[in-house]
Amino acid sequence: MIGFVPGDSPLHRAHPYTPLAAAGALLLAAFAVGTPAAIAAVVLAALVFAVVGRSLAAIARPTLVLALPTWALLLVLHGVLGPEPRGLLGPLSLSEPGLTRAAVLGGRIAAILVAFLTVLATVSPARLVEAMTARGVPFGRTYLLVSTLTLVPRMRERAARILEAQQCRGLRLGGSPLARLRALGPLVLPLVLGALAEVDEQVLALDARGVTRGARRTALDPPADPAAERLLRWALLAPAAGATMYKLGSAVAAFVASRAVAGL
Amino acid sequence: MKPVVRLGGASFSYPGAAVPALRDVSIEIRRGELALVTGPVGAGTTTLLLVAAGFAPRLTGGTLSGERDLLAARPGVVFATPWTQLTGLTHTVRGEVAFGPAAHGLPRADVLEAAERAMADLGIAHLAARDPATLSGGELQRVVVAAALALEPDLLVLDDPAAELDPAAADALYARLGRFAAGGAAVLLATPDPGPVAAIAARMLALEAGRIVRDGPPAVARPS
Amino acid sequence: MTGHAARWEEIHHAYGAEDVVHGVSLGVGPGESVALTGPNGAGKTTLTRMLVGLVRPRAGRVTVGDWDVAARRPDELARRVGYAFQHADLQLFARTIAADVAFGPRQLGIGADHVPGVLEELGLSAVAGRHPYDVPPPVRKLVALAGVLAMQPGLLVLDEPTGGFDRALRETVVAALRRRLATGVTVIAISHDPELVRAVARREVVMEQGRIVADRDVE
């Protein structure tokens, strides 16, 4: 399930910026670490994040659907085709450093997916709009962010109806890979064309409601933002940002040092 | 009293169009007036609404020649398909109806009061806490009209607003629009079938190929 | 053979906890022309969607001819039932209107030779080479209807076929439906349009809140 799932978890009740900050911290941490043990810790943290949001069940399937093909690719690219292959699995030779790399990259993807999908599941678009409005974020930016977040659920509803309509014209689902490929046009094109055709009316409707006037929007029901939560966001982001800075800094320092040595 | 909108010999073409959508249109719409706009497909009824309310060419692109005096402070628009007019940014009907006043930066209390008034007007106060995504086409259209009325526009243009409604709901909507015009706003309503709404309109503009061919009291449509 | 073109027997259905159809039984004979009327939310669309397998009733049996709908997929039922949806834009995707109208017949394997005739009948010949989204919404709705008629179904089910249409377009639809009725096609139309009902239907079934409240002849 990709998209908001109403609920009563701590993440649902928190100020919308808090789950966003936590996901941001997980994202930074995922890129800051480089060993399988460390990435496993980040993945575990992401899973805990999902459990706190009571979203693990909802996001399990989309996570796997999105991650498995990538994991398979990583396994082949790094595990099979990586350096120093040894016969680790009977006749199949795998590269140990390659497997390590695949594990780190695969873990990174898993952590990011779980974090991102949990945010989608626990942050209500309407509450996010109110939070951003209360902060004085210009409407254009708010609209862009929230529309992107709600894109998949909005398209899914429409896609289901398109599927029905095309089936009633004799389109058969499943079948050979070629048949499935041919079915993409009648399913995807109306989705895109229909969405584009509606944009004009959407723009007019929003304009008529005054969003292009540039006035500062009134927040009607801004979510509470206790000091403790604001502190929590700092506590989550600061170390993760710091770790990223450190990693970048050491990479830059190592690069400069190697150039210096080469120049000597 | 000056008209809310006046067009003098106005012609309008959409960007890249070979043929003008409106030709040499001269009309005046006054406060308190409810005028119907009819015509066959492609005659320019929607375009007339958009040009009169100032949305074209500003948001549609294209070229407008001739004269247009638009004195409406806050033109409102309602289209036939309600779900394209939802902002998608609210999770309650109240939030959706309040969206316009909130976007204008009005004080919170005023925004909520405007929303309550508009919802009561359209008979949807009982839906205030509902998620717009769960409403039927007919309920949704009333929400959209309420959202437009919450801003108290002095000119409201509607393009086939009853398309999704059953006859009873359509009549109720037309009656409501009649009262809105009687309260001092100008209303332009495009409809493919003037029959059900002719009773509340004092005036009917018939278009053909972008030109106004008839401007007077609604008459029973004769087969052409 | 049940002798019916379409039949609903003791149908109960609910969306979540909300009952939408209460014990409805209705039979439509071959070649009949039935209008299904009543306020929005009465259950009319739910009932017709059962004919093409898009809704499975909680209880009761739905048959199309001698087929039990529960045993068939929507794309199989498309061979017998032509369903014209209320919102046409959902299905238009081809590069030209002619190609889009030909999609259904090609999927069914009946060929596209008769497509120009259907386009002519609905006044779409002039725009046959245009992209579906290059024409106004009412014309797109006609294109979708052409796509359904081109499948040559024995049972036509239409959901608000004249919604948003002016007099001229309505007459085009009426003529097309009358022509099909004359060849023995069965027509079931959900409609708020009293002129369409008068011009095409012989029988009117009125629904309210999930029940049939009237079943009468149309003058």
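By letter and in written order, the chains are A, B and C; residue numbering begins at 1 in each of them.
Quick note on the criterion: a residue touches a chain if its C-beta (ideal position, glycine included) is under 8 Å from a C-beta of that chain, and two chains touch if they have at least 3 such contacts.
Because the structure is a prediction, the values reported are computed rather than measured.
Undergrad: Identify the chains adjacent to both subunit A and subunit B in the sense defined at the top.
TA: C
Undergrad: Which two chains meet at the most C-beta pairs?
TA: So the chains sharing the most C-beta contacts are A-B.
Undergrad: Between subunit A and subunit C, what is the separation of their C-alpha centroids in Å?
TA: 42
Undergrad: Report the inter-centroid distance (CA atoms only) between subunit B and subunit C in whole Å.
TA: Between these chains, centre-to-centre, one finds 31 Å.
Undergrad: Considering subunit C alone, which of its residues make contact with at least two other chains?
TA: Within subunit C, no residue contacts more than one other chain.
Undergrad: Touching residues of subunit B toward subunit C in the complex: what are they?
TA: For this pair, the touching residues of subunit B are 38-42, 80, 136-138, 160, 163-169, 192-193, 221, 223-224.
Undergrad: Per the contact definition, I'd like the list of subunit C residues that touch subunit A in the complex.
TA: 52, 54, 73-75, 77-79, 81, 83, 85, 87, 89-93, 103-104, 107-108, 132-133, 147-148, 151
Undergrad: Which residues of subunit C touch subunit B in their complex?
TA: 38-41, 136-139, 163-169, 192, 194
Undergrad: For the complex, which residues does subunit A have touching subunit B?
TA: On the subunit A side, the touching residues are 124-127, 129, 133, 139, 142-143, 146-147, 150, 154, 198, 200-211, 213, 215-221.
Undergrad: In the complex formed with subunit C, which residues of subunit A make contact?
TA: Per the touch definition, subunit A meets subunit C at residues 158, 161-162, 164-173, 185-186, 189-190, 193-194, 197.
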